[in-house]
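Right after this note come the structures.
Here subunit A shows up in two complexes: once beside subunit B, once beside subunit C.
Up next is the complex of A and B:
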């Protein structure tokens, strides 16, 4: 087992290097990051801009920039003026030592931007994911046990319907009904955007609509998945045996069927969990929610390479880690599997 | 989730390919068609789709593009009326006309992006599965790498790089002006979503290439490309068609998301997504966002129903 984990970790290292280089190449060709400085109040002169470019290492070839991004440049000298007259030691420590560089926009460490936004995203994503899972298991199991009943057909139809729906439609719909129309009708309306005035109660009020939308969108896929894997398990011989032994239907469903049907669910959850960190770009945009999705869009619009890279690398690392974790958890749930 | 389902279906399909389960005088194809016609959900989906396509086609015959772009700020944000059945937008353009012409673009993007996606996915899948070894692990690691980044993020970055209007000017086609982003977005969506197809095709190829008929073909001197073209690809058609059908729905949705964020196909070309993006600031005018969203939902719902039925119809596991 340990050997397996170590091998997987070692295998993922070259993968991460390849991904990070490709992403670095892509994000660096997004546009001129110095355009941000041009719109600031004390606009730098052309000479100053060149100096900033050299300090940031943007004049170097891509491969060299990537190297500095990776291992930092504090072990070498930066030619600030471009003519060798002023040589300063570099200040960056590089990603391998936990330094993602400074944001081009805020001039503060890129990682601190993530630390600011991550809680916002998690506050939104974790409750909605938990609610989704609980509801999906309840609905999926119920509808598989009563396959082709009215309820089951209704669930199948509805899950198709929500599965096909863009999240912004649900979001705009609930905002229109509970935000706009309730105000027009003089009913107590739900707040439309933001995170409120800082109290827990207000935060909860602001969370209702985005969490509802996220649940509505995610639920459909999970219900379909659980229903189909339950139906497959329920037709197995050991389920018939369990019934033949005279076990109550509850025990059969809970202990014999669901436990086995939950195995593929573990894989699915392991694949989906890391992406919760990415936040929900569209939902966060509509509800003006300060999360990772909006951070990505903001830094994308201003070509803020360090922040974008920090977000993307965080995601890739989490995906790799969760894949390995899923495999480990899997052996725990299913003792037949050995690595 | 879909990958799990797809691969299990694929392997079962491969398992039954050798068995002689077909009645006399019935081709696999006619059997599938018959099964599809009995599938009520699939028929319903097909009807929805035909409805949307007819709406867009007939609409664009009755309404000129000039009407879709004719603005009249005095007439902005009007409720639906007999003159403007879907109301008017923020600069007074007729929303019915916008939805018709936006539909053309959204459907076009959906279908062509899936063609790109299928070509790349099949190519990668066949190469990886057939060649095996280093090629296989390199291609699959690359696919994994791309899967570990949210598709929306990938598409955004790729769009920004390639959709630079100074690099690609707007172009004229059949007497109409299109934004250059239209072509770019087709390729961006296609090239960021081929990974699942590649995996499905690869798993079919892996299972097929050890079968006797492939060995037989090789033993009479068939070349690799001949084996791939005439023995392996025809057997991959069913899963490819299914994922292509469902892929159109997700391509249309992705285009809508990009358009909604204001980063998709740019003006002057309307799409369902970017109409909704404009409407985001005017949520109180329900008709502004409701109608484009309604058509997105009808289309994706139709495709998903139809695709699901297609999967059942093409899957020999459900032979009875």
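Up next is the complex of A and C:
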């Protein structure tokens, strides 16, 4: 097992290098980070812009920029005037030494921006994911056992109703009803946007609407997945054997059917978990939630390559780690699997 | 399956319990003003940002030498008086300013605010190692800054500078750095670019101090008791960041926000309808939304549509666009069409007039220019179709205008292909293949900023200057139209350097006349800053700054209703 994990980790290293280069090329083609000055007052002159460009290293060919991103540029000199008259030593240490560079926008380490936003994202994403899973398992198992019953049809119908709606529509409807209309009707209204004043109760109040929206759009997919997986397992011979042994229906469903049906679910969760860190772009934006999804979009809009790269690399590493974890968890669900 | 039922009823009870404890999310206590911002400030050092929201946040905590109020007059803040030739603050040849500060000024930490802070700030502007994104014009013009005594300093420029607000005071210099905080960083690192104070400021000179910054969420400001114009009556100001305008307007309608700057013109009707207590105030800040025409040649590096080089075609396009309908229908009548790049400034020529919408005259001009209507309804000449690429940013209100103009031009047989790009691509540099920089368009819609306090107009002296046409050897050139008029360049030079106010004004009128006749760009309308606020939250009317100066120039007198 340990050897297997070590082997998988070693295999992932070249993979991460390739992905990081592709992502670097992609993020660098998104535009000019200095373009935001175009419509501003008292903007820098063309010569000043060029000097800033050189200090940021944006005048270099892509491969060279990638190299500096990787290993830093503190071993070389930066020609800030472009004519060799002023040579400044580079200041970056590179990703391999834990330096993701400074954000072009805030001039703070890109990593510190992630540290600011990660807690907000986790506070929103983890509870909504747990609620989604609990509800999905409860509903999915129920609908598989009571196929085509009234409740099965109702719940499946409802979950598809939400599934088919764009998230921004649900989010704005919820805000409009519980935030705006409730105020107009003189009812206690929910707070719109943000995470509140720092108390736990206020945080919960601010979470109600975004968590509801996230659960509403994710639920259907999981329900359908669990339902079909359960139906398949319930028709297997070993389930009939378990029933023939005289086991109670509850034990049959929970221990014999669900545990086997859960294996593909584990794969799905393993694939989904790392993306909880990425946050929910639309939900965070509409509910003014200080999370990673918003950070990524804000960085995207300003072509802030260091921050975008830090987020993407974090996600890549997490995907690799969770894939390995998923493989490990398999062995618990299915003792036949050995590495 | 009783467990499922239990689970469902439990969650139902939970939700209902939560609904009960929900306190009315109505406002805020009477001492707090809550403002909604669409973007989070990217820096609290004004020199490192070109973002309007950062400027607004900075203006809450930074005092200028003087502010520009809502009538465009200068009001001294830190300075004892606004320098002029008459009071001896400016030398006869306008190359030396001697500025006196009020005595006994202090920073919020109690340290004295003296001429040393000002001199240090100017030295930072001069040192390019700081990578400032602002004050570029000051850096180019300044020869030296020296302290004469505790409260007096002298600036020397390389040429006459007739506009003190460009070189000192607001809006040219609205950030003054606390030397006792930044100097040690500068001495240690050779630059203040990465100083912690830029992002987590601790020392202030303005009406408020920043007491808390929850990244991605909000900023809390507390009234500064040491502010030179007195302590603000509103004790706490909270800026909350709402990246989504719909939810921001919802919070405004629900009374969870008191004040929102930058309401887009197209959104004004629905904001006003959403809550009867909301009021909109529009101030003009010198942004003129225009269609920039690409009249460049292939070496600059891409030519626009050949028809645009013909002034008759340009005239026809201006006649064929119904700008009045656009401002009335799409922008709620918050602004009106103009032909002047000096619109809504004291330098606007009142006799210039506005070209009326006249599609027949447009069609006649196009016929005259040889662009005849082809079989498919699109005009053509010598086998070239009159088909224009019309690009802009991704801003929704701009895209609406694009669609309307497309229809209007179609009526006179001009076909238009609409394109939109993220700002980072649209305004990108030559090296980044920026749409404007490399001329990848025929019509481009955006706004340049115009100073309202003086006739030296960056659109004229830079963005339409003959020497600024981009080319292989001049990749940083800013004249994306390719327009060149020696006469206008000469007049622009007069607006920049003449020491005679009347001569400058005459030159501004000449420029407006040339632009009206030659049409290097089709001006659409002056774009305002629209502020929405909840009138029930304030005691009496509030004064909002002009849009070129400090929005909060009068905030110490704002009062909340109790």
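As a working rule, the second predicted complex is superposed on the first by the 325 of 339 C-alpha atoms of A that agree within 3 Å, B and C clash if a C-alpha of one lies under 4 Å from a C-alpha of the other, contacts with A are read in each partner's own complex, and residues count from 1 in each chain.
Everything that follows uses one rule, which is that a residue touches a chain if its C-beta (ideal position, glycine included) is under 8 Å from a C-beta of that chain, and two chains touch if they have at least 3 such contacts.
These numbers were taken from a predicted model, which means no experiment stands behind them.
Novice: Pick one for A:262: touches subunit B only (first), subunit C only (second), both, or neither.
Specialist: neither
Novice: In the overlay, answer first, second, both or neither for which of subunit B and subunit C A:133 touches.
Specialist: In the superposed model, A:133 contacts neither subunit B nor subunit C.
Novice: According to the stated criteria, A:276 is in contact with first (subunit B), second (subunit C), both, or neither; which is it?
Specialist: neither
Novice: With the two complexes superposed on chain A, say which partner A:214 touches: subunit B (first), subunit C (second), both, or neither.
Specialist: After superposing on A, A:214 lies clear of both subunit B and subunit C.
Novice: In this superposed model, does subunit C or subunit B come into contact with more residues of subunit A?
Specialist: C
Novice: So, A:294: does it touch subunit B (first), subunit C (second), both, or neither?
Specialist: second
Novice: With both complexes superposed on chain A, which partner does A:172 reach: first (subunit B), second (subunit C), both or neither?
Specialist: A:172 sits against subunit B and subunit C alike.
Novice: Looking at the overlay, does A:188 come into contact with subunit B only (first), subunit C only (second), both, or neither?
Specialist: It touches subunit C, and subunit B stays clear.
Novice: Using the superposition on chain A described above, determine whether A:205 touches subunit B (first), subunit C (second), both, or neither.
Specialist: Only subunit C is touched by A:205; subunit B is not.
Novice: By the touch definition at the top of the document, which applies to A:145: first (subunit B), second (subunit C), both, or neither?
Specialist: Only subunit C; A:145 stays clear of subunit B.
Novice: Touching subunit B and also subunit C: which subunit A residues?
Specialist: On subunit A, the overlap between the subunit B and subunit C contacts is residues 30-31, 172, 175-176, 179-180, 285-286, 297.
Novice: Sort out for me which residues of subunit B touch subunit A in the complex.
Specialist: Subunit B reaches subunit A through residues 1, 4-5, 41, 141-142, 144-145, 148-150, 152-153, 156-158, 160-161, 249, 253, 256-257, 260-261, 276, 279-280, 283-284, 286, 289, 293, 296-297, 300-301, 303-305, 308.
Novice: Can you tell me which positions in subunit A touch subunit B when the two form their complex?
Specialist: Checking each residue of subunit A against subunit B gives 15, 18-19, 22-23, 26-27, 29-31, 160-161, 163-166, 168-169, 172, 175-176, 179-180, 221, 225, 228, 264, 267-268, 274-275, 278, 281-282, 285-286, 296-297, 300, 308, 312, 315-316, 319-320.
Novice: Quick check on the complex: what are the subunit C residues that touch subunit A?
Specialist: By the definition above, subunit C touches subunit A via 1, 3-4, 7-8, 11, 15, 18-26, 40, 42-43, 48, 50-51, 128-129, 131-137, 139-140, 171-172, 193-194, 198-199, 214-218, 240-244, 246-248, 250-251, 253-256, 274, 287, 422-429, 431-432, 434, 436, 446-449, 451, 476-478, 548.
Novice: Report the residues of subunit A in contact with subunit C in the complex, numbered from low to high.
Specialist: Answer in residue numbers: 30-53, 55, 59, 80, 88, 102, 105-108, 113, 116-117, 120, 134-135, 138-139, 142, 145-146, 171-172, 175-176, 179-180, 183, 188-195, 201, 204-205, 208, 285-291, 294-295, 297-298, 301-303.
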